[in-house]
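What follows are several structures.
Both complexes below contain chain A, partnered by chain B and then by chain C.
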Partner chain A sequence: MFDFAIAGIQSPVFLLVLTGLTVGIVGGFIGVGGGYMVTPALIVFGFPGYMASGIDVTHIAGKSVVATIRHRQLGNIDWTLGLAMVGGTMMGVEWGVRLLNMTKKAGVSGIALLSATVVIMLSLFIYTQIETRKAHKQIEEREKSGAHLGREHKATRLPEYFQKIPLFPIVRCHVARIVISMWVIVVVGICTGLLAGFFGVGGGFIRVPALVYIIGATTHIAVGTDLLEIVVSGGYGALRQSMSGNVDMMAVLFMISGAMIGAQFGALATSFVRGPAIRYILSYSLILATVGAFMRLGYLMTGGQYEILSFAAVVFTLGEMIFLCLFIMSLVIFAARHKAGKPVPNWIPSLVVKD
Partner chain B sequence: MRWFIDNMIGYWVLLLAISLSAAGLIYVFWLKEHMF
Partner chain C sequence: MDDYRRRETIKFIVWTVLSLALVFYICYEYYSGEMISWYYYETSTTGYAVDVNTFKDATKDKPMKLEIVQAAEIKGLQAVPVKKGDRLPKNANGVISKKDVEEGKRVALEGNTLKVMVPSQIKEAKGFKYRDTYKHKGVQTNPWSGVWNVAVILALGFCLGTMAEGFTGMLGMKVKKIKHYEGGH
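Let's look at the complex of A and B:
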């Protein structure tokens, strides 16, 4: 047990280290800071909403530097795309933090954060599930017919629509192989930054799908470029949250110690899998975090009458972390077996890279 | 048992069951006394 004086609560250190480790692995793998899991998790573990948001973004700012360096080495960052987005992201983060401070003053930060989490993540889960299942099915059909399979496959035509918008200036992103109006990139930056500032997250859980489905980047480039964005938005968000008195540095340090180790493993694991596998993990992590947040929301809305809801929220939040670590580790093991020509379940080959 | 490995949904369900059980055990035997 540790006494977090600034947050005003006592909590086991193990929970914070495990949370950090999990979001490190998952974040490094799907290219998100993992913050969308941390804010509801910290609320579930007893931290006040505004404090959860502040701790989350501060730990992300530190961790994303490590993951960005790793992704840069893997060639997953499009600097033109990332830098074009930064201005919009910063503006969005500022608006988001102001919105959070308004809910803090009204005394409803916990309920507001959990409600927004449930709505946004459930919508994202449904969309990514539909698209990824379609892409997975198409990959399996192509594999059966013996056609060449790349590292990426998408089943949506949405990026083509956005890439055709003729607003000057048009930007050419060489690494991502995209030609698109800079305004589309800036607007995506503002929207994701707004959510990042409000939730106290890096914004990756919405920025990665936005980079894939709106801008048209491959999942691997979206993952790397998003992390670059998180270094900027996370750093700015951490500064603003600290100025607002929303950060307990001891909690941040415990989380970062776990996250540093996890981020290295997660980033390395991306080189074993195809795009749809990363999007599956993102999708699963969204729905599991949503269930935990939903139960905690129910507990708060009923005035803490039903202890079972609090128990279920903690079990789902902890279970989600264990599940995601196991899933990513088993995907890497299956990929290594597939590479070595050993037998693997028949749904694995279309999700992992053999060469 | 084979279905849980050969089918992606089955594998998902199996891992989720293991994870939730582990989380439940951690909560009941250790976390409950130290939280709230």
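Let's look at the complex of A and C:
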């Protein structure tokens, strides 16, 4: 147990490092900060709610720098796209926070917010699942016909519509190989930032699908570029939280020491897989987070009558982190086996790369 | 050892030293009390500055009494009257607001003492329960501590990230750029 003087609690260091490690793996792989997983974990470890949010967002900012450096090395970052989006994201986050305060004043309760979170995450999960399954099937068919398969495959034509919008100025994103109106990038940044600010999350789970399905980036580039965005938005969030005194730097330090190792593994793991594998993990993380949020919603809607729902939500959220980590690790192990010519399950070859 | 590995080894050593220096600096600031004095900086409400740790075991049946004193430092079970915007006395880590005292549910004024009956309450954040104490209540953090926090954490992230990059390079694991557009797309 460690005595956190600022937070005013005693908490086990090992669990903080472990949380950082698991969220680092998941975040480095699917390009999310993991706030929806870390905040409940910190509350379980005894941190007050406001401190949990502050510590979470500050550790996310630091961890995202670590992951961004590795993704830059892997060539997964489109700086033009990322920097063009930053302004819109910041504006969106600020509007989102103001909108949240307005709705709170208007008497919209946490139940309404949590319900909206569930609906949005569920919709994203359904769309991502349908598209990824379709893409997965198409890869399998092409593999059977002997075609040489690339790193990415998408079964959607949605980005083409957005890339055709002829609004000046037009931006050329060299790494992502996209030519698109600056306004589309800014509006996507504003919308995803708005949702992130409104729901009090980093926004990676909204921004990664938006970068893939609206902007048209490959999944790997979406992940890397999103982590760059999180450095900025997380840094801004950390600044706001720190100025309110909601951050205990020692807790952040312990978490980031685990996250540093996790983020390395998560980022490097992307080099073993194809785009649809990342999208699968992203969609599973979305549905698991939705189930956790649904349990909390049930707990709030019953007026806190059924303690078991709150407890189940905590257990589920912690279990989710471990499940996603194991899933990512197994993908890497299977990819390595496949590369070595060893037998792997039938669904693996189309999700991993051999060379 | 080839040139690449030698370069990466130097990179790893340099960034490890910088990372460790930063970690030691954070720990020093934390344990010397410098960071804490930035956090528990000034009051954002009128009430009584207290050291929350001294009365955390108080209950309704066994309340704890804080002596009201005018002092620059809190020693044990003491409470210092403060106005909004005042610099917090040394060892203070929370403020019991005047409103709370007037309500008398958690804390009551008895002559020259404050009787604490409910030092913590169970609250909820995002559907999860947590124990909410007077710690950090009614406290205004020095805004520069926010800038310091962000600068330090981004610098630490950069040092650790570059150190890790050097580490894999030192082991001879040359990370190649992903060929996003090779093959069918």
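Basically, the second predicted complex is superposed on the first by the 281 of 355 C-alpha atoms of A that agree within 3 Å, B and C clash if a C-alpha of one lies under 4 Å from a C-alpha of the other, contacts with A are read in each partner's own complex, and residues count from 1 in each chain.
The rule is simple: a residue touches a chain if its C-beta (ideal position, glycine included) is under 8 Å from a C-beta of that chain, and two chains touch if they have at least 3 such contacts.
All values reported here derive from a predicted model rather than from experimental measurement.
Judged by the touch definition given at the top, the superposed model places A:Pro345 against chain B, while chain C stays out of reach.
Of the two partner chains placed by the overlay, chain B and chain C both lie in contact with A:Gly46. Comparing chain B with chain C, the partner in contact with more residues of chain A is C. By the document's definition of touching, of the two partners only chain B reaches A:Tyr284; chain C does not. In the superposition on chain A, contact of A:Phe327 is made with chain B only, not with chain C.
Applying the stated contact rule after C-alpha superposition, one finds that A:Ser11 touches chain B and leaves chain C untouched. Contacts of A:Gly245 after superposition: chain C is touched, whereas chain B is not reached. Touch criterion met: A:Val314 reaches chain B and chain C at once.
With the contact threshold set out at the top, residues 46, 310, 314 of chain A are in contact with chain B in one structure and with chain C in the other. Of all the residues in chain A, the ones that touch chain B in their complex are 1, 11-12, 15, 45-46, 284, 310-311, 314-320, 322-323, 326-327, 330, 345-347. Interface residues of chain A, counted against chain C in their complex, comprise 5-8, 39-40, 43-44, 46-53, 58-59, 61-70, 73-76, 110, 114, 142, 147-153, 175, 177, 200, 218, 220-221, 231, 235, 238-245, 247, 249-250, 252-253, 256, 260, 264, 268, 270-271, 293, 295-297, 299-300, 304, 310, 313-314.
Residues 5-8, 11-12, 15-16, 18-20, 22-24, 26-27, 31, 34-36 of chain B are the ones that touch chain A when the two sit in their complex.
Listed in rising order, the residues of chain C touching chain A in the complex are 23, 26-27, 29-30, 35-36, 39, 52-53, 93, 123-133, 135-136, 139-141, 143, 145-147, 149-150, 152-154, 156-158, 160-162, 164-165, 168, 175-185.
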